[in-house]
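So, here's a batch of structures to check.
Heads up, the next two complexes both have subunit A, just with different partners, subunit B and then subunit C.
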Partner chain A sequence: MFKLSRYFLLLLMVFSSSLLAVTEYELVLKDHLFFPSRITIPAGKKVKLIIHNQDDTPEEFDSFSLNRQKVIFAKRKTYIFIGPLQPGEYDFVGEYNPNSARGTVVVVKEAGGGDVN
Partner chain B sequence: MKTKSKIMCLVMSIWGGITQVWADGNPVDKVYHPLVIANERKFEWRFTSRQTDDKNVLAQRFAYGQAVSEYLIIEAYISGQRDESDDYGLQGIELEARYMLTDQGQYWADWGLLFEFEKQHDDNNFEFTTGVLFEKEFVRTSLTLNALLIYEWGENVPNEFETEFRLQYRYRFMPEVQPAIEIYTGEDFVGIGPAFMGVHRYSGIKQLKWELAAIAGFNGNSKDRTLRFAIEYEF
Partner chain C sequence: MLINTVILFLRDALPIFVLIGLLLGQVQLSKRVFIGSLFAGLACSLFFIQQVDVLGEMFAGTGLEITLWCLHFFIYCLVVLLGFSPLLFSSHDISRVNQIMACGLLVLIIVAKGTNFLLYFNGYLNQQNALQSMLIGTLLGLGICLSLAILLYFFTHWLNRKNGFFAPWLVLLVFATGQLVNAINLLVQVDVISDAAPIWNTQWLVDNESEYGYLLNVLIGYAATPTTLQIGLYLPLIIFPIIARYWWNRIATQTHRGESQ
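Entry: the complex of A and B
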């Protein structure tokens, strides 16, 4: 029983981030533009970006600074987990349309941060 | 025999099999990342040159890979090798599947699985590899681990298990240049050395990735150095 509890605790540690409440932020991709294009999130916390692609073509979310890369299929939504991050600005682009599909995640050090501009 | 003893015997047999490894392969190869990108297609070329006291073995692999879902990519390889007698030829063919178990950043670490099936060209010798891929971000650095279990069988090789472990600790300095340290272990082999890698983006999703590493083996007084290079064109 004791061993089982230890394994359970280990699994809990490994997968704990999914069990904790993660703040969600919604973005829309339309006409190869992200709305909003600037998102403010709190430092030191994991958040979930939910991106709705309303275009008829797929897009690939890409950010070297966020270390994230994911395809968003046409007329579908996807989610991307980011953080915990240090304060600063983290740019992202849509790789298929890098000149228009651009945005920034602004990470601020404040209690209860998380405004979406 | 009591059940507990049987279990102990089984565990010891499996452990014996795992630790009884063979030395005909070079453990220095690519460190796999769990990430799979949907719609990804790529051509890849890998090159390794292993210099020991008495021989130099050059190996090259050409591959085509394609993601078949958001989480699964299949890659097919042909490999060639120049042995100590300067004979260069087709060594084998290989089919590889890499499965992304978790989305990036979803959990405490990212996880994936690797499956490889390889057949030697001239002989009916086979190799099957399974592995666990792990990646964890630490601010601007990433730690990637591969734990691989390999089983080999065939006409000219004994049926044996091999284990390999690969580690890469990478600093995400800038897309084009990312320095890293790599560690490899295999049978009678522990190697460590610097690595550099990067990515250059073209239009759209087209990009060129490169990796270069110089791994020194710590196997007593004998020389054992491997230079590995890989280039990957994604489109």
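Entry: the complex of A and C
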């Protein structure tokens, strides 16, 4: 019984990260442009990025440096978690419109760097 | 739009063509079964797209990522099973079993990889002047993917003739492992599992977004910034099936010798 609860606790530790509070950041896609195009987040912390697609066409949020790739359907919103990250700049694009839909996640060391430019 | 289509084709369709090249080089598929599998894959992809909304809402918005990861996991399992088929099935059944597994692999990879491409086509085909650029982009992408698939077919066929079934299966196993390990990011990005920051960055050596980066990503699952979890899974997922196959083969040979004596 003790062994079973230990395994359950281990499983809970692995899968419970979503239950912990994380800071949320909003990103809007309109006319194939990301608003804001630069988001500043704190280093070493996991954050939730909520992306609203206000266009009539689907878009794919894509970032090689962030290792993230997610389709956002037309007139829908979705979310992804990013981090914990080292300080630096991480570019992302809308894969279907990479010339216009571009942005950067700026990771800074300062505590509580949740300002959005 | 033209360049976007080519890049999307290389990213999403190339794994399908690589698998086709690798499979046809080692499993004998009749033309009818092969074309049937492609159409079945396409039909399943269209059905999958229709269910994407429902899937996306499941498990607190993580349903799509979990489903896509499961598809990659099934691809890996089928590839492992394909390697064990000479040890598990009689020579009479092996051809038929391998054909069924190859069909399953084709359908699964078309659904896992083709869906994104179909979504792009579906979303942008109605846009003004998009059709011509998309068609030219598709033709260019198709040319590149077909060239690589033919090259891999001959390479796998040569490996099969020279070294037997094991060597081409190993290439297929590395490909499937790379796809599965890369798919872990799908689970990490919706926080189903947690992963730490990348453990190294080889962007200076091979850029993820370069031609070599794309190719290596598809063939061996190369990532310039892999995480601890990805590295921790990559090697065991390749090594364990090889060791298991070696031991199974050894036990089978010893049993066969014992029966002969």
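The rule is simple: the second predicted complex is superposed on the first by the 116 of 117 C-alpha atoms of A that agree within 3 Å, B and C clash if a C-alpha of one lies under 4 Å from a C-alpha of the other, contacts with A are read in each partner's own complex, and residues count from 1 in each chain.
One rule holds for everything that comes next: a contact is a pair of C-beta atoms (placed from the backbone, for glycine too) under 8 Å apart; a residue touches a chain by one contact, two chains touch by 3 or more.
Quantities reported herein were computed from a predicted structural model and do not represent experimental measurements.
Novice: Assess the superposed three-chain arrangement around subunit A: do subunit B and subunit C clash, or do they fit?
Specialist: Overlaying the two complexes on subunit A (C-alpha atoms) leaves subunit C and subunit B clashing.
Novice: Of the two partner chains, subunit B (first) and subunit C (second), which one does A:37 touch, if any: first, second, both, or neither?
Specialist: After superposing on A, A:37 lies clear of both subunit B and subunit C.
Novice: First (subunit B), second (subunit C), both or neither: which does A:86 touch?
Specialist: both
Novice: Going by the contact rule set out at the top, does A:96 touch subunit B (first), subunit C (second), both, or neither?
Specialist: After superposing on A, A:96 lies in contact with both subunit B and subunit C.
Novice: Looking only at subunit A, is it subunit B or subunit C that touches more of its residues?
Specialist: Counting contacted residues of subunit A, the larger count belongs to C.
Novice: I'd like to know which partner A:74 touches here: subunit B for first, subunit C for second, both or neither.
Specialist: Second partner only.
Novice: According to the stated criteria, A:57 is in contact with first (subunit B), second (subunit C), both, or neither; which is it?
Specialist: Second partner only.
Novice: So which positions on subunit A get touched by both subunit B and subunit C?
Specialist: 14-15, 17-18, 46, 58, 60, 64, 67-71, 73, 79-83, 86, 95-96
Novice: Taking the touch rule as given, give the residues of subunit A at its contact with subunit B in the complex, in rising order.
Specialist: By the definition above, subunit A touches subunit B via 13-18, 46, 58, 60, 64, 67-71, 73, 79-83, 86, 95-96.
Novice: Which positions of subunit B touch subunit A when the two form their complex?
Specialist: Listed in rising order, the residues of subunit B that touch subunit A are 35, 37-39, 70, 103-109, 137, 139, 142, 172, 174-175, 201, 204-205.
Novice: Note which residues of subunit A are touching subunit C in the complex, please.
Specialist: 14-15, 17-18, 46, 48, 57-58, 60, 64-65, 67-71, 73-74, 78-86, 95-98
Novice: Quick check on the complex: what are the subunit C residues that touch subunit A?
Specialist: Touch list, subunit C to subunit A: 4, 7-8, 52-53, 56, 60-61, 116, 119-120, 122-124, 127, 185-186, 188-194, 196-198, 203, 208-209, 223-225, 227.
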